[in-house]
Every structure is written in structure tokens, then in C-alpha cells.
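In what follows, a structure is listed as C-alpha cells, so that the remarks can point back to it.
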Amino acid sequence: MVTATLILLSLLVPLLTALGIALAGRWPNMREGVTLTGALLLALVVYSLLPPVLAGERPEFTLLDMMPGISLAFRVEPLGMMFAGVAAFLWPVNSLYSIGYMRGNQEQHQTRFYICFAIALFAAMGVAFAANLVTLFVFYEILTLSTYPLVTHKGKSSLKAGRVYLGILLFTSIGLLLPAIIWTWQATGTITFTPGGILGGKVSGVALTALSVLYFYGIGKAALMPIHRWLPAAMVAPTPVSALLHAVAVVKAGVFTVIKVAVYVFGLETLQSAPGIEWLLYVAGFTILVASTIALYQDNLKRRLAYSTVSQLSYVVLGAAILAPISIVGATLHIVAHAFGKITLFFAAGSIYTAAHKTEISQLNGIGYRMPWTMGAFTIGALSMIGVPPAVGFISKWYLLMGAFEAHQYLAFGIIIVSTLLNAAYFMPIIYAAFFRPEAPGKPDDYGHGEAPWPIVVALCITAGMTLVLFLFPEIPYQLAIQVGR
Amino acid sequence: MSSQLPALQLVIPLLSAPLCFLIGKARIAWAIATLASWACAAIAVTLLLRVNDGSVIEYAFGNWPGPWGIVYTIDRLNAFVLVIVSGIAAVILPYSWPSVCREIPPRLHVLFYTALLLCLSGLLGMTITGDAFNLFVLLEISSLSTYTLISLGKDRRSLTAAFQYLVMGTIGGTFILIGVGLLYMLTGTLNMADLAHRLQPLEGSRTLQAAFAFLVVGFGLKLAMFPLHLWLPNAYATAPSVVSAFLAATATKVAVYAMLRFLFGIFGADFTYNQMHLQFLLVPLALMAILFASMTAVYQRGVKRMLAYSSLAQIGYMLLGIGLANLHGLMATLLHLFNHALIKGALFLVMANIFYRAGGTAINHVTGLGRQMPWSMAAFVAGGLSLIGVPLTVGFISKWYLIQASIDRGWWLITAMILLGSLIALVYIWRVVEAAYFKERPPDQPTVTEVPLWLLIPTWVLILGNIWFGMNAEFTAGVAEAAAATLLGER
Amino acid sequence: MSEFPFPPGLVLFLGAFLLPQVQGKARTALVLGLPLLALVLIWSLPAGSTITLQFLQYALEPVSATAVGRLFATVFALAAFAGGLYGLWRAEPDGQGGYQLREGNVLELGAAYAYAGSAIGVTFAGDLITLFIFWELMALSSTLVLWSNSNDNPKAYGASMRYLLVHLAGGVILMGGIVWQVYASGSTAFVNMSELDSGAHWLIMAGFLINAGAPPLSAWVADAYPEASPSGMVFLSAFTTKTAVYVLLVGFAGAQVLIYIGLYMVFYGIFYALMENDMRRILAYSIVNQVGFMVTAIGIGSALALNGAAAHAFAHIIYKALMLMSAGSVLALTGQRKCTELGGLFRYMPLTAVFGIIGSLAIAAFPFTSGFVTKSLETSAAAYAGLVPAWFLLLTASAGAILYIGFKFPWFVFFNRDSGLHPPEAPRHMLWAMGFCAFLSIGIGVFPEPLYALLPHQPVDYQAYTIDHLVTQFQLLLFAAAAFFLLLPQMQVTPTISLDFDWFYRKLLKYLAREFSLKTMDARRLLEHRTLQRTEKMAERLYHRYGPQSVFARTWPSGVMVLWVAVLLAGSLVLYYLR
Amino acid sequence: MSPQSRKHGLSHAENLLRFRKIWIGVLLLVLLPEFFVHHHAYFEAQGIHIDASWGFHAWFGFLACVLLVLIARVLGFFLKRKDDYYDE
């Protein structure tokens, strides 16, 4: 019963935090205090769910019955625990960062910003712990809607991007995901996530493949090409949003759902039986390579990171598409690995913007000496993206490769090789420019800056440190991932 | 007393109407109307709770038993519709006072409340009655009062609209009368249950088929079935705001209910679907409504007109549910009766709020209001999401069952059309949202403030209803399922 | 020693991070002390695995001492020491016939020590995962060595990126192989896989070979290394290719395919060096050539051959470092790398020249140099194994060593014509570093036994100094040298470079990418344009059809509505009637 | 830079001549042992004795070098490109 309360709390805490922020909106210090307290509390709540889940418990909680046979219900299983754990860990860090960033850049509407953030976290928790497809869908949509004001934070100039963002996410989820869910319900009479899947024996043949298309393209947040456009568009948001939401919570909700659907709705064996299911592998591979290539040509740092995210998300999808239990482990771990790595990179981008007001890579020459911590963290994050030790990206790549060999998907191996090179090709020049190119001569006041405000630096050091720590001590995510793959 | 509830349901508003008129003081008329609507709502809810176990209340007016006297039959289906109609009235009437003060000349206020009460009693009576001719009479009461209500609009075009509606409504009424007359000719009875019983052996009859055709077209006109909808956009767009809200939430719903009553209660599902093949008429027309009306809504300059076109599309969904001819389809129709009442009621009330402050409801008036009327615009967003069918709102529940019904049938194209309709809804709703939140207030528009709480509360009651019944549709879905099963004769 | 067996590689690796923190004498002490400390640790560790770490579900053995590992670790530490000494200060001509010294590039030194530490880490890796981790660290830190020089040499950056990408490709191929191997065998042990009976083995070998400079990607060696600083190239030449030799030696001893690959590398090195103009690129090609010898020997796989490969690697690191230091001094003090621009420096830099010649003699395996006592192990092994073509080819290559480097390098740099360059003699610390290497090269050549004692397969039953061996070697080398002088007109250096496999990724791929991106950009523009046009048209049509003036939105006269009613009613009546 | 300084060491014609004479002497010297030492062939088993022939290493070394240089010339004809080939 205690665990059920914890689930409820994990939803309530962010909601109450949002309320508290609204009430404290007039006093910035108090407002930020509420955010931080809420974030830390959430982390506490979520992490107290971890031991029972690791021990094999699956806490459940039903909030209310929505329709006959369909309820808003929650069930904590390892994959959701992993996702929630990552989001809950990063929220306090990101809050700290946001404080530095939003104040450093004198952004408008900060109260609204923090409220929406808290609601987005509420939605992320709901997605993570959803026990059935409808609950997941509900929170998935809340996540979309609550992040819309964040994307359009800058007002009219971000309107077009916001349209793309909302348009693609709502179109795919309502147009594809919803019918897929209803189809599943119609075919099986259940929508509850079940280990081994629920569609086995109920839907088969081409219909199964069609259903997989509906699902995996319906999950627009996974940003498979060609419906990835919302993600680069979302980069108009303030950097903390890009960092926690568009590198972690929102996009991970997407790939998380992909794994969840693959494992708990289809079931790997059922998916294997679908004719032409390789399409997912091809699409994921295509996305990985093409997005990386596009990233190569982006001069805007955040856009490059965004395309990198598109590519990295497809690593997770690739892991699911390989359809081997071990690749699922890899995909699950990649959710964690990419989260910590990419949030570090975005933090660094925001740090640069705050301290130096630079957004383009071509402006970054020599910045490593002015902002050693920022660029040091960036380096670690980039290494994690490339997947080289001693960063956690290596571990997920390890299991993805192992899955590829287990399932004899040598194509996947080839994709990972090329993608590693592309990753290096678009990240390393940034590091090089920061540390080895001399600063361009300019007006002296252009270069009067040093590091960003301390909350920013602390936050990005924590996340960069975590990519190293998780490499050295991967035990907890590994145990969770193994339970998913099993 | 409680056994007289069915009669009171009709009698209270019907008697309140002349009372209002006789007293002649606007404020008192309003108070009477409000109290009457609350009483009606209380009665309706009591009735629904009473029949929710599947029982049927038969109430013979003046103790003249059927089939000779007029019998009121209350089962789950019409109790449900009663709740919708009286519930909406109960929310809108208290709201109406400030809004009416702003939009209607003071000398007409008493007339307004009288007409509204008459309209309410007509709609309630249509719903509750078990007598075909009585239904026609009450239909005319509600129609005539509706014409009056529409013509009270500030917009001069409201007169034309009201006149057109009068013409069309009269044709519709006449067709229904002809249909009922033919049935009477065949069977010699007007009691619905009796009719159903006596029609069974007559199924091959040409007359019966003609009656069927007249009734379908007649009700089609009343409920604005595509392409018989032409009267609706102007009527809704030009009527006083409160009237639009009330009508959009109730009038078409009752018409749909009445049609269902005839199709399934009198003719029977088997006759309707398997002999008359009504689905082949309804499905294409419904789809056309969904697509064409939605698309037209996208381009409307007036937000009220836009909502009016959206209503046409929503009626399309209801007819589609009937056309899909299975349990989930019918369930979706019934759920959508309720859900759409909540959605459109709320959205039109928002429009009333905007009219109250900004003096108009064209997109120009709405532009830049996000900051100035935050609560009203937030209500619009919430209602809009519900219209689109975003989860945790009632719109989602209706869509869910409708899509399930289409998947049950295996009609994939229709699934796609339903979703397409939702997505177009997204476009037209978002157009307004963007205008409200992302554009500066045009210089020629006044700077306004939020409406008083008295107006906000009813608006938000409906919005919260959207959310509550969207999160917890066990009850409504349960009632709808049972009612649908009864209509299909499955239970 | 201490209770906790401290990994020797880690000493250098972590020490590298201390380097930028200290200045002056402390830095000198650190630079010189770290490799020596590592050396002490290398020899104080007990044989076998001493630590076990749990990582995921695998047990790692990060510190596992073996004879062959220790041998390589030793020479790596020595190379780090010599390179560190050499790189302590940078010399630049002051324009008045002298030079001035600047602090050595601390970033480069740090990177190089991290690099050396990783290389030593590989030699002590008791399992494939540890090995891979250090392998990747090597790739990264060596890239940093190249980057450190990019301010002085604008070409360094491009070369470094190509270098990094090649190594990351090798790395991920190796990783794939390791993952596959671990998955298939359930063990992370680094065992001999020379049967090559699974795809995993092939992938692992391919990963190793890429680092060894094997075909087809051999070009990275000559592409990247010469772009490093004088001291940087000393470090680069020592570790990457030799760790590759080490891992091939452990993992693929006796894999026959390596003989062919090795021979290819041998001749690849010769021909490209013969055609080359840049002295440091010549030296780079010769690395491939020399590693080719080792790879061939590993392919032969006999005890003698493997001892030969190990010994040759050991000797090679030192004399190649010596030559690179000599060439580096020339580069530092003249700013020139191309043979066409150099010549006649003997007079100005006599000691540098002498050290360079010692190195050249060693690489050509002149008697009494380390090359003589190590390379002959390999050729003899080929002979004893009865590999006729291999032996003849190796002999040809041995003779060719005089031609393409042994004489070519000193001749064109220090003799030949006078280039008009008058540099000063190299600074003292560089001479000391060269002296150290020269001492080792000759010392090993004269007293090979201590080195032989370190070789993996004991006892080493080989006697380098027999009359026969001496005589034949002198004949071979001196007649080759005669050919060199005779053919000098045919060997004149030209200001050219030679096409290699890197053409594919430097030219073709670039061209294709550009063409592709141009074409796709055009296509995308066209598509966008068309889509835009179509959308506009569609929007217009939609507006026409659904806009306020459209059929659906217009206010119709009541008559029209009545008409519809009539149509619908009549239609259904007629239908019902006809049915 | 005086013309003298350009003539020094091995590039001086006289020195070069002397150098050549010494070299030829050395070559003859290393051929001397061939009259006393008997080489044993490595590949008796395969029936190859060439490596035990008189002065094998001397002539083989010489010929090998000639061959290598010739091949390199031919290769150079095909492969050589201007220095700045990749820079453009």
C-alpha cells in the first residue's frame, strides 16, 4: 500500500509544485524555492520506489475508471522506473540550471515557465508509470500540451515553430496512435501492458505490420523520420526546456513508449512474426544516418544538438527494432545514457548563450579557455554520444551491438559503425574549436565574459559527472534494463 | 408527489412561461426562469437515477392510460436526454441575466425568458413523451419559441435567419406530421409503444416506407442533417449568445433523440437497418458533414459561425454513429449527445463572455484576448481540446467509441475520416487560440478585462463537466451502453 | 611493493592531468619521473592478474602482467621518457643563426602521457573490455597530441580528424567484434583467436589491423603523423601501431592471413617511401613497412617469429623515435620537411645527423645495431618455417630498407646538395634524448641478450652474431647501398605526394558528398517549391470551396433548402418504391 | 652565402670521387669471405638452392634494389600528384 501511495505522490508532487509556483509567482526567490523543493521531493519519492522495483515488486495503483474496462491506472515496472528515475534525477539539476539561465538571460514569464515545467514533469511521471495504453496516451498528450507554452516561450517569433511542434505531435498521436490503441482494445479486449505482449494470437499477418506502423509513427515523440521536424523546431524554446524536455522527458517519453509498446503490447516474438517488420529497422537506421548527416551541416549549436537527438533517439528505436531481448536492454540503457549526455550538451549550449550570447558553432573559437568547466562537460557529453569509454554511452552501445549480433542484424552493426563516425565528425570539431582555435579578434568587450553563473556550472558538472559515474557504476540501470529485456 | 415527477418535468417550465409574461418584470422573470430550470434539472436527475437500473416509468397524463391518453414513458435513454437538456438550461439561465442585458433591448427581456422557458418545456416534452402526436405538438412549441429567440439577436441578420429557420422548421414539422399521420393511418394509434407493437406485421407496406422517409427527412431538417443544414449556421451565428449556447447544446440533441426514438423505438432496428438500409443514407451524409462542415469552419471569420459549422460536423459524428449500426456506434451517438452539449455549451458561453466584453465574436474581437480575459480564453482552450478529442475530456470518450465502432465494422476509411475530422478541428480551434495568445490586440479593438465571476462560474462549470466526464466516463458510458443496447433490442 | 597493485598505465594517465598544473622544475621532474615510476611499477607487479573488478555482468582484470605485455609496456615507458625529454622545451630559430627555447607544449605532453598510459594499459589488460577501453582512450589522447600542434601547423586539424575517424571506425569494428566474441563465448578473456572461425574473430582482427596501419586504410599513418609537432610525432610513432602489434601477437599469433597482410604492408611502405618527398612522411611509411615485418612474423606464428615480432617492435620503437627526433630537430630549426628543400645540413647539425644516421643504420639492420639483432629473428623464422616467397620478399625488403630510408633519409636531409639552410645544432635536451635512444639502439645491437631474455618465448635459441649472418648482412646492405648511389638519378625527390587509399575519403567521398548534397539540395528546393505551390493552390482551392463565399458557407435562399428537402425526400421515396 | 660554402662534404666532386673509390673497396672486401665461407641453403627441402649461391646476398640485394626503384618509378608515374593536391 505504501508503494501505491508513492505512485500517487509521484504524480501529486509535481502538480502541487505547479500550484505552489503559481501561488508564489510574485516572489521569485520563494518561487524558485518551491520548484527546487518540489523537484527534490519528487526525486525522493521516485527513488524510494526503486528498491521494491529492483526486488521484483510491481507496485500498482488505480486512480479512476475512465470508461468501462478502461481505467487510469499505474504500475511501476523496470522500464518505467528507469524513465521516471532519469527524469526525477534530472529535474532538480535542471531546476538549478533554469534558475541560473532564466535569471541570467532576464527571460519573461518565468512563473509560467516553471509551472509548465512542473506540469510536464507530472506528465512524464504519468507516462512512466502508466499501466495501460490509455493512461499512457493521456499523459503523453498532457506532455505535448504542457510543453507547448514552453516551446513558444519567446512569443510571436516562435509561433511557427510552435505550430510545427504541436501540429506534428498532435496529428501523429491523434491520427495514428489513438486508432492503434483503439484497434488493440477492439482486437484484444485489453490495453494493459503485459510482459510478453497482448497482441500475440489476436492480430497477425499484415494487419500486425500495419498496426506497428500506426504505433511507431503514432509515437511522434520518438522522432522517426520524416516526422522528426518538430524536434529541431522546438529548439526555439529556452535552453532548459531543450535540455530537460527535448533531450530527456519529451523525447524519452517517445522512445520509452516505443519500447513499452514493442515489449508489453506486441511482445518481441509476436513482432518477429509480423511480415516486413524490418521496416522499423530500416527507418530507424535511415533516421540515424540522415539526421547525423544533417547535424554535420548545422552551424547553430542547438540545432546540431537537436539533429543529434533525432539520430540518437533512433538508436533506441533501432534497439527495439532489432527485436532481441539484449537489444532491448541496450535500448533501455540508451535512454539513460543519452539523457545524461545530451542534457549536458544542452546545458553547455545554454551556458555559452548565457555567458557569451553565442549560438553558432563558428563563434566558439577559443571559448574553452574562458569557460573551461562548460566545455569540459561538453566534451564528456560528446564522448558519451559517440559511445566511447569512459562515458556511459559506451554501455548502451555495447548492448545494442550485442543485440544486433544475437539477432544476426548485421545491418544494424553497419549503421552503428557509420553513425559513430558521423557523431564524432559533428561533435569533435566543436571541442576542437573551443580548445584549440584562437579566439577571433573582436571588440574587447565581446570577450569580457568568463563562466556562466554558478547554478549553471554546477548543474552541468553534475550531469557530466553522472555520465562518467554511470559508466563506472552502471549497476542500477543495468539491473533494471535486464529485467526489461527478460 | 414523486410519482408526479414526469408531469412536473414538463409542467413547471410550461406554467412558468406565462407566469413570467404576466408579471412582466424582467428581473423576476429571470428569477422564475432560473428556478424553473433548476427544478427541472433536479427532477431530471432524480428520474435518471430512478430508471438507471433499467426500469421504465410509465406516466399517464390525467390518469388516462395509453394508448388512448397521453403517456409519458421514461427509460434510461430519455432520462439521459432530459438531464442533458435541463442541466444545460440550469447552467445557462443564471448566466443569462448579464448577457441578455447587454444584447437584448430591455423591453424584450420578459419576452425572452418566456420564450426560453417555452422552448425548454417543448424540448423536455419532446423527450419525455411517449406519444407521437404529442411529440409533434411539443416540437412546434419549441420551434416557434426558438424562432422568437433567434430573432432577438442584436445582429440585423438574425431576423432573416429566424425567418429562414421558420420556413425550414415548418417544413420539417410538416413532414413529421405527415409521417405521424401515415403511421396513424396504418395503425390507428399514436402511442409509441403501441405503434411499435402494431407496426411489426406491416413491414412490407409502402405506406410505412413513405412514413419512414417523411420522418427521416423531417427530423433530418430539425437536427440539421447535411445537406438540410442550411438554416443552422446563420441561426446560431446571429442569435443572442445565450440562445446560441442553449440551442447548440440542446435543440439538435433532442431532435437526434426524437429520431432515434422513431427509428428504433417505433420502426425497430431491424427494419431501419435491414429493410430501409438507412445506414447507406446516413453514413455518406455524415461523412460529408464531418469533412465539408469542418473545412468550412476553418475559414470562418466569426468564431460563432465557426462553432456553428463545427456543430454541423459534430452532428455528422452522431449520425455516423447511427449509421455504423452497431452497439459501439450507437453508444458513441448517445455519448456524443451528452458530450457535445457540454462542449458546445461551454464554447458558446465563452463566446457570450467575449461578446459581453468585446462587443462581438469575430476573430478580430478575439485577437489578443489571451492576456486580457485569461479565464475565458483558458476555458476556450479547454473546450477546444475537448472538441478535438484530446484525452481527459469528453470529446475523447465520444471519439473512442466512434472509432471503435468503425473498427468493429472494419471500415477503415471511416476511421480515417473521423480522425481527419478531429485534426481539422485542431486546425480551426488552434486558429482562434493563436489569435488570442500570440497576436497583439488590434488597435481598433477595446482593451477589456475579464468578465465577472457570475459569468465565469457557469462557463467553468461546463468546462469542468467536460473534464470530469472525460476522466470518469464510467457513468455516462454505462448509461449510453445500456440505452444503446435497448435501442438495438439486444437487451 | 605496495599492497595494492597500482596499474602502471594509470600512473601515466592520471599523471598526465597533473602536468598542466605544475611549472618549471617540478614539471621537468614530473615529465621525466612519471615514465620511470611507471617502469618501476611495470616490473614490480607480480605476474598474472592481480585485481578483479565487476563491470555489468563481467569480471574485468585490468591489471594482468604477462611477459610479452611487460616487454611492450617497458618500451612504451622508455619511449615516453625519451619523448618527454625531447619535448620538454620547444626550439625555434631566432633568425640570427641561433635558436630560442620555449616551454614545451604542456597540452601535447599531457596528451602524450595519457596516450602512453593508455598504451601501457592495453598491454596490462587481462580481458577484452579493459583492452577496448584503453584502446579508445589511446585514439582520443593521440588525437589530442595532433590537435596540440594545430596552431603551428594548419594542416594538423584536417589530418587529425581523418585520423580520429579512422581510429573510431577501427574502434567500433573492434567493439563489435568484442561484443560478438563475448556474446558467443560468454567470456571476456583475451585468448588466441587465430583460427578465425567466427565473424567475431575477423572483426576483432580487423579492428586491430586498422591500428596497425594495415591495408586498405594504411594511409592514415603517413597522413596524420607528420602533421604532429616534432615531439608529437615521436610519441605517435611509438604507441598506436605497436599496441596493435602487441594485441595481434597475443590474439592472432599464427593466423596465416597476417603473413599476406604483413607482406603487403612491407612493400606498401617501401614503394610509398620511395616516392615520397616529405622526410617525416618517409618515416611514417617506414613505420608501416616495419610493422609489416612484425605482422608477417605474427602470421608465421612460430616461437622464433613471435619473439622476433616482439623484439623488433621493441627495437623499432626506439630507433624510429631516434630518427623522428633527428628529423624533428631539423624541422624545428629549419621549418622544412621536404627533401626538395633540405640537404647539406651535416655541417650545421653534425650531432643530429649522426644520431639520424645511427637510427637509419638500425632500421636498415646494420650489424651492431638493434635492427640487426631483432629483424633477423623474423627473416630467420620465415626461413625456418619454409615459407619461400615470404623469405625472399622479406629479404628484398631488407635490402630495400637501405634504399627507401636507411640511406635516403640521411642523404637527402644531411648530405646531397647544399640547400642554403644554416640551422644551428639542436638544443641540448633534444640531443640528450637522441643520445639516449642511440645508446639503446646500439646497446641492444651489441648486447642483445638482455632483450632476448625479456622475449615471450623462452629460451631464445638464436645467435645473431654468426660469421655467416654478419657477412651476408653486410653484403646485402652494402650492395643495396651501392645500388642506391647508382640509382640516385632515378630516385631524385620531387615535390609531390602519392595517391593512396585516402583518396577515396579525401577526394571521392568529398566529391560525392558535395555532389549529393548539391543535388539533394536542388531536389529539396524543387520539392519545397512545388509543395509550397501546391499547398498554396490547395489552400486557394480549399478557400474557394470552403471559404466564406463558398457553396458551403454562403447563405442560401430558402428555396434552395426546400429544393434539397424535396430531392432527399423524393429520392428516398423513389428508392423505396423501386426496391 | 659564399659559393664555397655550397661545396662541401659529399657534394664536392672530388670528395665524391674519393668516396666512390672507398665504397668499391668496401664492396670487394665484403665479397672476400665468399671464398671461405660455405652458405647452407634454407630451403633444401623445397629444392631451392639459390640462396646458397655465390655472393647471393650481394647480387640479390643489388638486383632487388634496382627492381624496387624501377617499380617505384612506374608507380610514381601513376600515383604522384602535386604537393597541394588535397589543399585546393
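The letters A, B, C and D name the chains in turn, as written, and every chain counts its residues from 1.
To be clear about the criterion, a contact is a pair of C-beta atoms (placed from the backbone, for glycine too) under 8 Å apart; a residue touches a chain by one contact, two chains touch by 3 or more.
Keep in mind it's a predicted model, so treat the numbers as computed, not measured.
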{"item": "Highest C-beta pair count, chain pair", "value": "C-D"}
{"item": "Most centrally placed chain - per-chain CA mean versus overall CA mean", "value": "A"}
{"item": "Approximate Å spacing (C-alpha centroids) for the pair chain C, chain D", "value": "30"}
{"item": "Inter-centroid spacing, chain C versus chain A (mean Cα positions, whole Å)", "value": "37"}
{"item": "Chain centre separation (chain B, chain C; CA means) in Å", "value": "79"}
{"item": "Rounded Å distance, chain B centre to chain D centre (Cα mean)", "value": "105"}
{"item": "Of chain A, residues touching chain B in the complex", "value": "64-68, 72, 134, 137-138, 141-142, 145, 152, 155-156, 159, 163, 166-167, 170-171, 174-175, 178-179, 182-183, 185-186"}
{"item": "Of all residues in chain C, those that touch chain D in their complex", "value": "270-271, 274-275, 277, 338, 344, 346-347, 383-384, 386, 388, 391, 395-396, 399-400, 402-404, 415-418, 420, 422, 467-468, 471-485, 487, 490-491, 494-500, 506-507"}
{"item": "Interfacial residue positions of chain B with respect to chain C in the complex", "value": "160, 163-164, 167-168, 171, 175, 206, 209-210, 212-214, 216-217, 220-221, 227-228, 230-231, 233-234, 276, 281, 292-293, 295-296, 298-301, 309"}
{"item": "Partner chain A, residues of chain C touching it in the complex", "value": "55-57, 132-133, 136-137, 139-140, 143, 147-148, 150-151, 157, 160-161, 164-165, 168-169, 171-173, 175-176, 179-180, 182-184, 200, 517"}
{"item": "Chain B contact footprint on chain C (complex, rising order)", "value": "542-543, 545-548, 550, 552-553, 555-556, 558, 560-562, 564-565, 568-569, 572-573, 576-577"}
